[in-house]
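Labels run A, B, C and D following the written order; every chain starts at residue 1.
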Amino acid sequence: MENSFGKLFTITCFGESHGRCMGIIVDGCPAGLAITEGDVQKEVDKRKPKAGVAATTRVEEDRVEILSGTFKGFTTGAPICLLVWNKDVDSREYEKRRFLPRPGHADYTAFMKYGGFNDYRGGGRFSGRRTAALVMAGAIAKKLLNLISVGVLAHAVEIGGIKAKPTEFDQIKENIEKNPVKCADLQAAEEMISVIEKAREEGDSVGGIVEGIALNVPASLGEPVFDTLDGDLAKALFAIPAVKGVEFGLGFSAARKKGSENNDSFVIKNNKIVTLTNNAGGILGGISNSMPILVRVAIKPTPSIAKNQKTVNIKNMENARLVIKGRHDACIVPRAVPVVESMMAVTLCDFVIRAGLIPKVIK
Amino acid sequence: MENSFGKLFTITCFGESHGRCMGIIVDGCPAGLAITEGDVQKEVDKRKPKAGVAATTRVEEDRVEILSGTFKGFTTGAPICLLVWNKDVDSREYEKRRFLPRPGHADYTAFMKYGGFNDYRGGGRFSGRRTAALVMAGAIAKKLLNLISVGVLAHAVEIGGIKAKPTEFDQIKENIEKNPVKCADLQAAEEMISVIEKAREEGDSVGGIVEGIALNVPASLGEPVFDTLDGDLAKALFAIPAVKGVEFGLGFSAARKKGSENNDSFVIKNNKIVTLTNNAGGILGGISNSMPILVRVAIKPTPSIAKNQKTVNIKNMENARLVIKGRHDACIVPRAVPVVESMMAVTLCDFVIRAGLIPKVIK
Amino acid sequence: MENSFGKLFTITCFGESHGRCMGIIVDGCPAGLAITEGDVQKEVDKRKPKAGVAATTRVEEDRVEILSGTFKGFTTGAPICLLVWNKDVDSREYEKRRFLPRPGHADYTAFMKYGGFNDYRGGGRFSGRRTAALVMAGAIAKKLLNLISVGVLAHAVEIGGIKAKPTEFDQIKENIEKNPVKCADLQAAEEMISVIEKAREEGDSVGGIVEGIALNVPASLGEPVFDTLDGDLAKALFAIPAVKGVEFGLGFSAARKKGSENNDSFVIKNNKIVTLTNNAGGILGGISNSMPILVRVAIKPTPSIAKNQKTVNIKNMENARLVIKGRHDACIVPRAVPVVESMMAVTLCDFVIRAGLIPKVIK
Amino acid sequence: MENSFGKLFTITCFGESHGRCMGIIVDGCPAGLAITEGDVQKEVDKRKPKAGVAATTRVEEDRVEILSGTFKGFTTGAPICLLVWNKDVDSREYEKRRFLPRPGHADYTAFMKYGGFNDYRGGGRFSGRRTAALVMAGAIAKKLLNLISVGVLAHAVEIGGIKAKPTEFDQIKENIEKNPVKCADLQAAEEMISVIEKAREEGDSVGGIVEGIALNVPASLGEPVFDTLDGDLAKALFAIPAVKGVEFGLGFSAARKKGSENNDSFVIKNNKIVTLTNNAGGILGGISNSMPILVRVAIKPTPSIAKNQKTVNIKNMENARLVIKGRHDACIVPRAVPVVESMMAVTLCDFVIRAGLIPKVIK
């Protein structure tokens, strides 16, 4: 079950970058949810490379097909299989450097683990293209969360060292589609674009940080001591290629605070218990406290760079050099944004269903 | 199964801070492992408060008892139940402030989730005392990993803003038991102790960062795309109270690097493939690459502080003030160190068994 | 997780026949359920050997202790650890014939699987005594099911070839505690006792069939296509030692019926849809249909018999003879009755919670 | 995860009878297994209705497509998605009697569970057609088992009251493809065909019993106390539509034996420990003992019969009558045979992999 995630709302993904398709099964979705291929398509389209930052020459139409689990426009309670077919595939380059693992990629570990039987074309199973499947599942999860007014949103808060100013939720929502880096601080966005452009010119790449926010999350989500809300969110987010760190609320900065600075005081506001600050990122003891969930995800710089790199020939066991041809995204952070959003939605959905907050049949 | 973790090597914990005991079941341990209560005791003792930094007045003997799963000094293949009895318990203080959730603690979320039925004494299920059980499981996991020469070690790398200098593995091993903060940089350790002492005097607390290292980890551990090595380690580490962030290798710093700086070049050394740097922290595509696993864990400052804090009375729904009596550890980072080690060991053990690297019967 | 069962209401058992205890953890029990050690004790006492049929010389007090998960008489939402200590243990006999596996027992398979490290005393982990733990979990499950008026009951319907006449539910409930074989047909019960007595005199044993009934089960329990109600009940029942078959409704007899005889017609009765017959045993397509759940469980004759039997010496690899000393139950069917009841209750409870029919907090 | 089965070798199925396809994902298959669509096709073809007994007018080509997880003719270690497209679909009849649940079918329970949103056409998710997906997974499982010489075989041993004579394994293998009822006793097969033919003429149907055999199964498969070999096989077999009972070895007959008759004596034969009889069906204490696994599965008579039946209109809540049009298999036992074989293979495969008997990479 290594390709499955979630206890009651379970996703199981399949497919390779240069295989026939990328697909995912969503199992445990309540019956009666209105969903169409168009609804899912809208989310998948958010993942598409945007002019200005992206440079993958591969252009996939990525038309979503639902193979099972819906009937007359509603979910049936049966597993929902969604997929996009792979069409624009050119594998020649990968055949040539089959035995030269790209630094920073999973080529080497995949080769070792699967004894060389892995589909190495385009990174195979380890391709960022896999995230198209995650976004399809996220589309359904977001629809479900919407029933109880939970909103999930992600945005780029740092790229290539450029940090965005803190922005309010509504502003984020409005601004992120206005620029190709999905940053709410439009000024910073400009700079980020320059930094990415510069990296590309140098045959290099940059990383960044994506922040995920969930609003209106009810208290009591999370099942300690192991199936904590933060623990499962972290696990879900590490399934996104290139993620190297996950933190909640103040995260690593909390380690430098005093207790008196870091503790969020409880107060009553409009007859509800809230905290004055949200340093905890909405999670205490692994359980949501009804404040916004705040998570930050570190994305490493794209490992595919145009520079000449050292590597080894794993067949001959000799040192070698590698130049990765073709144009690659000099920064994948913008494309990771909707995926962070999706994995948050999928994880929250599982906990919401475990908590019994969405009925088995939606009416 | 929310209190269980691990697929083949599974731990299931139980017990409350002021209940009868703290216990854990280790299921899936191969038969034939030599293990005694003394072996486990040695690890549990590492968790004990050290003079100089700790201040919990509660002094538990924490004598480990094995209730099942071993016979004539060896594991039998049956589930191993281990526990420590609670003895030194004074719950009066908790009864008094039952309806005043402590800021930064799980009091509020536990009350909401369990409808007030939760055992609130000493934080109940959410007490740091729970980690005694994790360390017992870790003791068994470390014994198993030892069979294939995998070593796991954790140490404090930052406390109250004081950062330790990078230190070699052997040095860390030697130094961490020489000081009560479990820091390998003895100079920094002195400063950390002062910072903690100062915080205590102010009725405040500090947090810090624990680094975990696993050496000699074979390649191929991790089961992508969801049961990744980093994802499962992160999930395991978030089960430790007060953890707010987890990062691997360069972690959040990777987000500020260029691809050419961050990529670890492969080279052949002594007929083995290694990487020149280890920015990835030993994990590529969710799979170990045989380099050391490096993980850093952010620990927030102890939420129990002596200062007067704002909170609410959740029964009357009124704003209130709270002063937490008794002496509390002004920094829990040192006590978190063996727990980080344990959770790493438990997680690695599960993957090692999944990979078939330890036989079902040890001979 | 091989010693765990259930997805949301999960039991994890531990302990050996001649070890320190037999215990079980119930995880996922909603908070707020009133439960005392006395409540559980009452169920465990039903498992005790009854004068007239049983003959195990071992007499355990089997006093139930709850180690965690309850507070002030209510469940807290935390894992509930329950156990009975082993006291009356004489292992000498088992040491003597350590390498002579008893035919029909798990001695041989356990030896092979665990490389001889298994605790062989009294069958160790494979002892019928393990069922004491199952009954403790069943006690909690039955309390929960009681909240939604689901009743579970088991009784002996056949022993040593003597079949009981069909009896109404209320009659069964009334009669089964009136005789030591837990048979509702009091006439047949007499004959069963004679058959057992005769077998014992011959140094032999007999088996039988236990029927389990669940009344007032709501429609819609079961999660096809794999987590079916019948499939999970069957899996749970095969965890009871000596079970060799499980059937629902007409079961194997259905294989000999025509479709027109076997189909249960739907009719409306008191404004509810019911079936005229219940050949399906309350389950269609793996889902409950609100009719009584009917399951029958085949129990093989006690393998421990006083006759001289062929076996092998697994150490020397030589043919050997074995005479099992001590007195053993010539029929374990009566003692299996409360265990069947318990495993049905545990399984139903898991599905009831999955269906969201019991809230996370009971008020 | 209700549509997933297996812990390390996991199948996840999807699709509906009149939807776009029937598919299954096999996750956890070792890399390096040679497999083609043709290999799977061969198994799927065994499920096709045979002239002489079957009568479903629906004729599906059922051409197997592998969408992921293989590369250059070998498995890659990635999830393998297999499917057959639905083509020959006529749903008009089902639209007409949408609110008239067919007795003996899952129409009623599915309607209740999924609030009427379920795809009711052709039974939707509950159609026997679902078993095509199971057979595809079985094809891969059988290939894997073949690597360690484990053979799995099923055959019809009783249909409509006609019992087959016991037959040797080799004879079974040879004979079952010689007749459309897949019975090894060719004489009995003739009679079974007559009985089925007679039932069809009467607008009725008959059931029967399928026996599954696994040869050369190594000792030590099964993970007690809950993940027993018999328990998991039973759960897997109850996922086959129309199964009402499962028994191992002597099964329900064991309940009528004496211990001295039922116990299988151990003896040494060719330097191996075997049992003189195999009343246990190859399983002791939930673990294989290296004797053949013997399981019998009760299949109820096809619920779709041509007779006029009582039912209710679930929309109007009125009593109603139903005549099911179209020709249906008067006996589904022959078509269940390869499915029993497949589910046995899938379950054994999971345990074989858990036991570490097949490497992660096949060479």
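The definition used in the following text is that contacts are C-beta pairs under 8 Å (C-beta built on N, C-alpha and C of every residue); 3 or more make two chains touch, one makes a residue touch a chain.
Since we're looking at a predicted model, the values are computed, not measured.
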Set of chains whose contacts include both subunit C and subunit B: A, D
Label of the chain whose CA centroid is most distant from the centroid of subunit D: B
Intercentroid distance (Cα basis), subunit D paired with subunit B, Å: 46
Interchain centroid distance [CA atoms averaged], subunit A/subunit D, Å: 39
Centre distance in Å when subunit A and subunit B are each reduced to the mean of their C-alpha atoms: 27
Overlap residues in subunit B, where contacts from two or more other chains coincide: 1-4, 7, 13, 113, 125, 220, 360
In the complex, subunit B residues that touch subunit C: 1-4, 6-7, 10, 12-16, 19-21, 23, 25, 27-28, 31-32, 67-69, 71, 74-81, 83, 113-115, 117-119, 124-125, 360-361, 363
Contact footprint of subunit C on subunit D as seen in their complex: 1-5, 7, 13, 101, 103-106, 108-110, 112-113, 125-126, 130, 158, 160-161, 199, 204-209, 219-220, 222-228, 230-232, 234-239, 241, 243-252, 254-268, 271, 273, 275-276, 280-281, 284-289, 298-305, 307, 309-312, 314, 317-319
Touch list for subunit A against partner subunit C, complex: 7-8, 220, 354-356, 359-360
